[in-house]
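Each of the next two complexes has subunit A plus one more chain, namely subunit B in the first and subunit C in the second.
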Partner chain A sequence: MGKLVLTRLVQALVVILLLSFAAYTMLFTIADPVALLAGQYSSQEDMDALRESLGLNDPIYVQYGRWLWSALHGQFGQSLYMKEDAMTLIAERLPASFLLVFSTLALSVVVGVSMGVVAAVWYRTWIDRFAVALSVLGISAAPFWVALLAIYIFAVKLRILPSTGYGTLRHLILPTTTLSLMNIATFARLVRDSMIESLTSDYVRTAMAKGIKYRTVVLKHALRNSMIPVITVIAMRFAQLFAFAVVTERIFAWPGSGRLLLNALQRLDYPLVIAYLVVVAGLFVGANLVCDLLYGIIDPRIRTD
Partner chain B sequence: MRCRLVVLGVMVLSLVVVSIAGAAQERVLRIALTGDDGAFTPFAAGTTTFEGMEWNINERLVRFDGNGVPEPLLAESWENVAPDRWEINLRQGISFTNGEPFNAEAVRFSIKWLKETPGSVYASWLAQIVDVEVVDEYTVHFITDGPNPELIPQLAWGSPIYPPVYSTESTVYTTKPIGTGPYVVVDYQRDVHIIFEKNDSYWGATPEWDRIICRPIPDAAARTAALLSGEVDFVEGLAPQDIDLVNAAPGARAKVIPSQRIIRLLLANTREDSPLSDYRIRQAIWHAIDTEALSEYALEGLGTPADQILMTTGEGYAPGIGRLPYDPTRARALLAEAGYDGTLIRFDFTNDRYANDGDVGLVITQMLEDIGLNVEPNSQSRTVLFPQMQTKGTELGMIGWGALTMPIMSSDGMLYGRADEGSYGRQNYAQADAPVFSAILDQLKSEMDPKVRDVYYKTLADLNRFFVITVPLYFEPIIRGLSDNIVWDGEATMEHIFFDMIHPAR
Partner chain C sequence: MGRLSSVWKTIKRDRYLTISLLLLLITWALVFVYPAPHDPNRQRLPDRLLSPLESSEYPLGTDQLGRDVLSNLLLGTRASLRIAGIVVVLSFVIGCFLGIIAGYSGGAIEALLMRLVDLQLSMPTFLVALAGAAILGKGVWKLIGILVFTGWVRYARVARGATLSTKELVYVEAARSVGAGNLRIMLRHIFPNVAGPVLVMAFIHTPMVIMTEASLSFLGFGLPANVASIGKMINAGYPYLLRGDWWISLLPGAVLFWIAMAINLFTSAIRDRLDPKLRSAQRR
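Moving on, here comes the complex of A and B:
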């Protein structure tokens, strides 16, 4: 296991290196961040002075080298607009983002897996068809549309939930549910298909012939095998949700990191964008590592060591 | 005994009732903003929204009234005592919320700090000030680079007064600014909320609100929802398509006023290889645009058609000089006369900066194509387009300018740019120029007599009718959503949200 962790760490560093270099070179081809920063009313002299003070007159590889050097010392630069350390700004957002992501995943897993199990056990009955229909709906519904519809119904018309904002449990309900829909659908389908395969396999028939209760067979044996793909998806979705719940965050005015990224991109606040990419890369790698470790726990056959 | 118990009970009950009533008397204003991502610092180009927040805390020396005329605020009176020297008398008895006194020294510190620190967004407003002298505790002298007739309006924009403690504690102020204004920030969580409370020791009229809670809600539909659900009282930036919905809903209404942001066309008349170097083609472009129809179809009728680039209510507007009329026949004749050969003209415009700018750009493209011009619409995000226009220029472009309460700086900055010493020219991305314009402008910038300036403005507007180096289109609308709990005295000259212009409804 130690070897696994070490390999992954090295991979993470390589990914971050490549990603940051690509981002650095690409960002500046979009447009000139100095022009945006200096604003419309500033003079050519102001812009030139600003450019010089930011070190943007040096060639790209020099600038990148400078960034890399300070990154190795833990300094990822300062936001051009908010004049604060980029990593601190991102760290401020992490609690809100994590809250949303974990709640979404928790809800999705609980509801999705249950739906999948129920659908598999009552395979081909109306329960199953209903569950499948719901999951198709969930996957197809665009999150932003669902979000606005939910706000309209629950906040404007019924007035039982706040439309936007952050701070209490009630504020969490709508964003979590909106983000969960697609994931519930995915997990339900995944578990259903996997369980159906398990339930028609030999070892299940053997177990039942041995007299083990159906419920035990379903939950202890078949479900456990079905969890492997679920865990893979959870790991992927975790990082995806964290990085890209931008639309939902924007609509619900949720102070997460996706919104921070969007604003930073719009203003070409490049230190913030690159710091953010580093964090996301780290998260992806971390999530995959946890995923691999969990495989080993769930299925001893897959211990990678 | 029982009688005493009853009396005691009544007293306790009435205390409880009074305290509940007292607590309920707290006046709270809830505002939905279009965005956040700022810091209370003058050293980063923030959003208009955030700047507006700051204006309530760090007051300026003067302030604009509804007609764009500066009126006293922290300054009581002023006088131009020599061609390059203005004397400002400050209001006495004011202190900052940290106890430091507001005086000439604070003014001097603020102006110098804003001028000298790199990245200062106010440096351009204060560019013509060379020095600030403290004459006595409540009198300052501003020394300008030559005669500067527009110093006072420049101060209305660019002179937030900070306490001298800012020079030493430079990071404190980003979240807990200190100023002389009617409200103070008590809690700022970026992207979550900014909570203000009234400044009990404010020198001016008692602030009407005990607390003001500002929440950024970036999505326009969600902002409208927050108004309709009763969660907010004031919405900045209501979407034009939601106006009817809000007006029809009980408890809320929309209010639209024209702003001081003019949307106009930039034309590269000095570019040799462009068809736009011929004045007849430029005139044809102006004749081809029907601004009433433009406003109706692209702006839900909310744009205010303009015939000059300056506001009708402010200095600089020349009555009697109208726009070139909408006349497609004349436009086609002009193109023929000029011998237009079908050369492609690229038209640059944003699609995410001004209200419905993408649609406006497309409608204009169609109007131009209608008279026979070959126009390629280039609709881009402002993130890409503004830097591109600033660094590489544009042949035909659409852009807005929102500081018309400084007509001299606006005229110079919008129209007659050269990257020279002493010239603004900041938004002349098409490098337009025309005979005599520069000469008149040089005179305008240092003319202290307003009657003479009026003649210059009139001449410039008149010359533009012939040389057409810019086409004024319309003034952008300011659209706000209001709940029935409040009243708003919105003025075109103040796009920022001033808390003292929002009142509880009786």
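Moving on, here comes the complex of A and C:
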């Protein structure tokens, strides 16, 4: 347990180190934030002064070292435009992103897993075929197109849901459902395939032979064993959802951290971009850690000490 | 006669595969063979915002500047598919090459390569692509480079796994004992076993690449201004969608959906043929 956490922590540190270094080098060798920051009409002297004041004239390794040193002290630098601590800016926006990502994840898991179980139980009937067809459709639909389609139908034509905004449950419905669709499809297919394998295995036959109710066998025995691959994918999807939420947040004018990132990328606001990448890398490793621990709870055979 | 009936038998036995193959062919023909009726960049303000079927000259309507939606759609889809094709082929070659070498040689090379793969997989692909596209700036080859950079790792992982399970097989040992070199063994004996699962990966990867490219272009970080692009069309049509002019945004997205669906149907039909592990699981 302690060893597992330690491994994951080391992994997080390595990822963050390499990622920040790569982003830093790329930002400084390829893209120049000064021209954008100073504006179109500024003189060469102004730009030189700005460059000097930001410390951009030092060699890259000096700059990176400086960033790393303050990052180790919890300081990830100030946003170039908003003149505020980058981490504070992100932290302010994170609750909205978390709300979107977690409600999407919850909806996808509940609907996707139930769909998968139903399809597996009625394997090779029209119910199964229907579920598989739905999941192929769901996997093929780009989330941002589904979002626009939903806005057109429910906000523009039927006028029953708001197209943009934040705050009430009604505002949450469209972003969550449109972002969920792809995950529901993925989870359903995964659970179905995994359940079909479980339902044909020996322990299920034994349980049935002992006279346990079919419903109990499906939900307690087979489903539990089918969840291992599903949990891996859920953990991976968590961080991916954060990335795709960037598009959803943009479409629905959702005040999350994704929109902050988009603005930062457009203006090459590098402290903010790198801080955001660090946050996502941390979340990804955290999700993997939770997933490792869940394995142990679901399947005692892979419990690690 | 005999040949024809055997073709018919195959079609009857594997309806799913045949239908999806037909879908793919029709899509390909519509996109690449059907000529664009207008210059996609020609603007004509009197004809702006015509809805589909409103004018016989513009079957799918016009956008806010009077450009023909159908022509833009065709050229944009071609660009999308070409980019996706190049990305998938490059990722396939690089990933396969490195994956087989890693699996075959083992030791330090394998450890190094697999750490690299783990590292890349520990960040969401879309975010890396987004940050890369923003930093590098717009450009077709830059975009291709970014998508290959984020894509090859999946192939490498699959190729390494398949190599590990074949390299201990008896016929590989037999080939080695009669004096076949490493290169020959990798090409002639290991690659054919690796190709199936990696090909499945390529089919899964293709719609993902198309969607990622469209999403990046939609956000304004993908293709440059002079290339027709589905993502950019969707983005440009968004304000008009809110007014009720749906076709500029929704039609390009529908084309993306259609193509992804055709590929996904084909993938799930061909999957159990190319991946023996899946075949045995599904037959049970």
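Going forward, the second predicted complex is superposed on the first by the 303 of 305 C-alpha atoms of A that agree within 3 Å, B and C clash if a C-alpha of one lies under 4 Å from a C-alpha of the other, contacts with A are read in each partner's own complex, and residues count from 1 in each chain.
Quick note on the criterion: a contact is a pair of C-beta atoms (placed from the backbone, for glycine too) under 8 Å apart; a residue touches a chain by one contact, two chains touch by 3 or more.
Here the structure is a predicted model, which means the values were calculated and not measured.
Chemist: Report for A:38: first if it touches subunit B alone, second if subunit C alone, otherwise both or neither.
Modeler: first
Chemist: Answer with first, second, both or neither: which of subunit B and subunit C does A:156 touch in the superposed model?
Modeler: both
Chemist: What is the contact status of A:167 with respect to subunit B (first) and subunit C (second): first, second, both, or neither?
Modeler: In the superposition, A:167 touches subunit B alone.
Chemist: Contact-wise, after the overlay, does A:239 reach subunit B, subunit C, both or neither (first, second, both, neither)?
Modeler: The answer is second: A:239 touches subunit C but not subunit B.
Chemist: Now for A:281: first (subunit B), second (subunit C), both, or neither, which partner does it touch?
Modeler: Once the two structures are laid over each other on A, A:281 reaches subunit C alone.
Chemist: A:148 contacts which: subunit B (first), subunit C (second), both, neither?
Modeler: After superposing on A, A:148 lies in contact with both subunit B and subunit C.
Chemist: Name the contact category of A:260: first (subunit B only), second (subunit C only), both, or neither.
Modeler: After superposition on chain A, A:260 lies in contact with subunit B alone.
Chemist: First (subunit B), second (subunit C), both or neither: which does A:203 touch?
Modeler: Neither partner.
Chemist: One more residue to check, A:61. First (subunit B), second (subunit C), both or neither?
Modeler: Neither partner.
Chemist: On subunit A, what residues does subunit B touch that subunit C touches as well?
Modeler: The overlap between the subunit B and subunit C interfaces on subunit A comprises residues 30-31, 148, 151-152, 155-156, 163, 250-251, 265-266, 268.
Chemist: Can you list the subunit A residues touching subunit C in their complex?
Modeler: It is residues 11, 14-15, 18-19, 23, 26-27, 30-31, 132, 136-137, 139-142, 144-145, 148-149, 151-152, 155-157, 163, 193, 196-197, 200, 239-240, 242-244, 246-247, 250-251, 261-262, 265-266, 268, 273, 277, 280-281, 284-285, 288 of subunit A that touch subunit C.
Chemist: Taking the complex as given, what residues does subunit A use to touch subunit B?
Modeler: It comes out as residues 30-44, 46-47, 49-50, 53, 80-84, 89, 92-93, 148, 151-152, 155-156, 159, 162-167, 250-253, 255, 259-260, 263, 265-268.
Chemist: Can you check the complex and tell me which residues of subunit B touch subunit A?
Modeler: Against subunit A, subunit B makes touches at 35, 37-39, 41, 43-46, 118-119, 121, 123-125, 127, 174, 189-192, 215-219, 221-222, 225-226, 228-231, 381, 383-388, 390-391, 401, 403, 413, 419, 424-427.
Chemist: Touching subunit A in the complex: which residues of subunit C?
Modeler: Listed in rising order, the residues are 118-119, 122-127, 130-132, 134-137, 207, 211, 214-215, 218-221, 234, 238, 241-244, 246, 249-250, 253-254, 256-257, 260-261, 263-265, 268, 281-282, 284.
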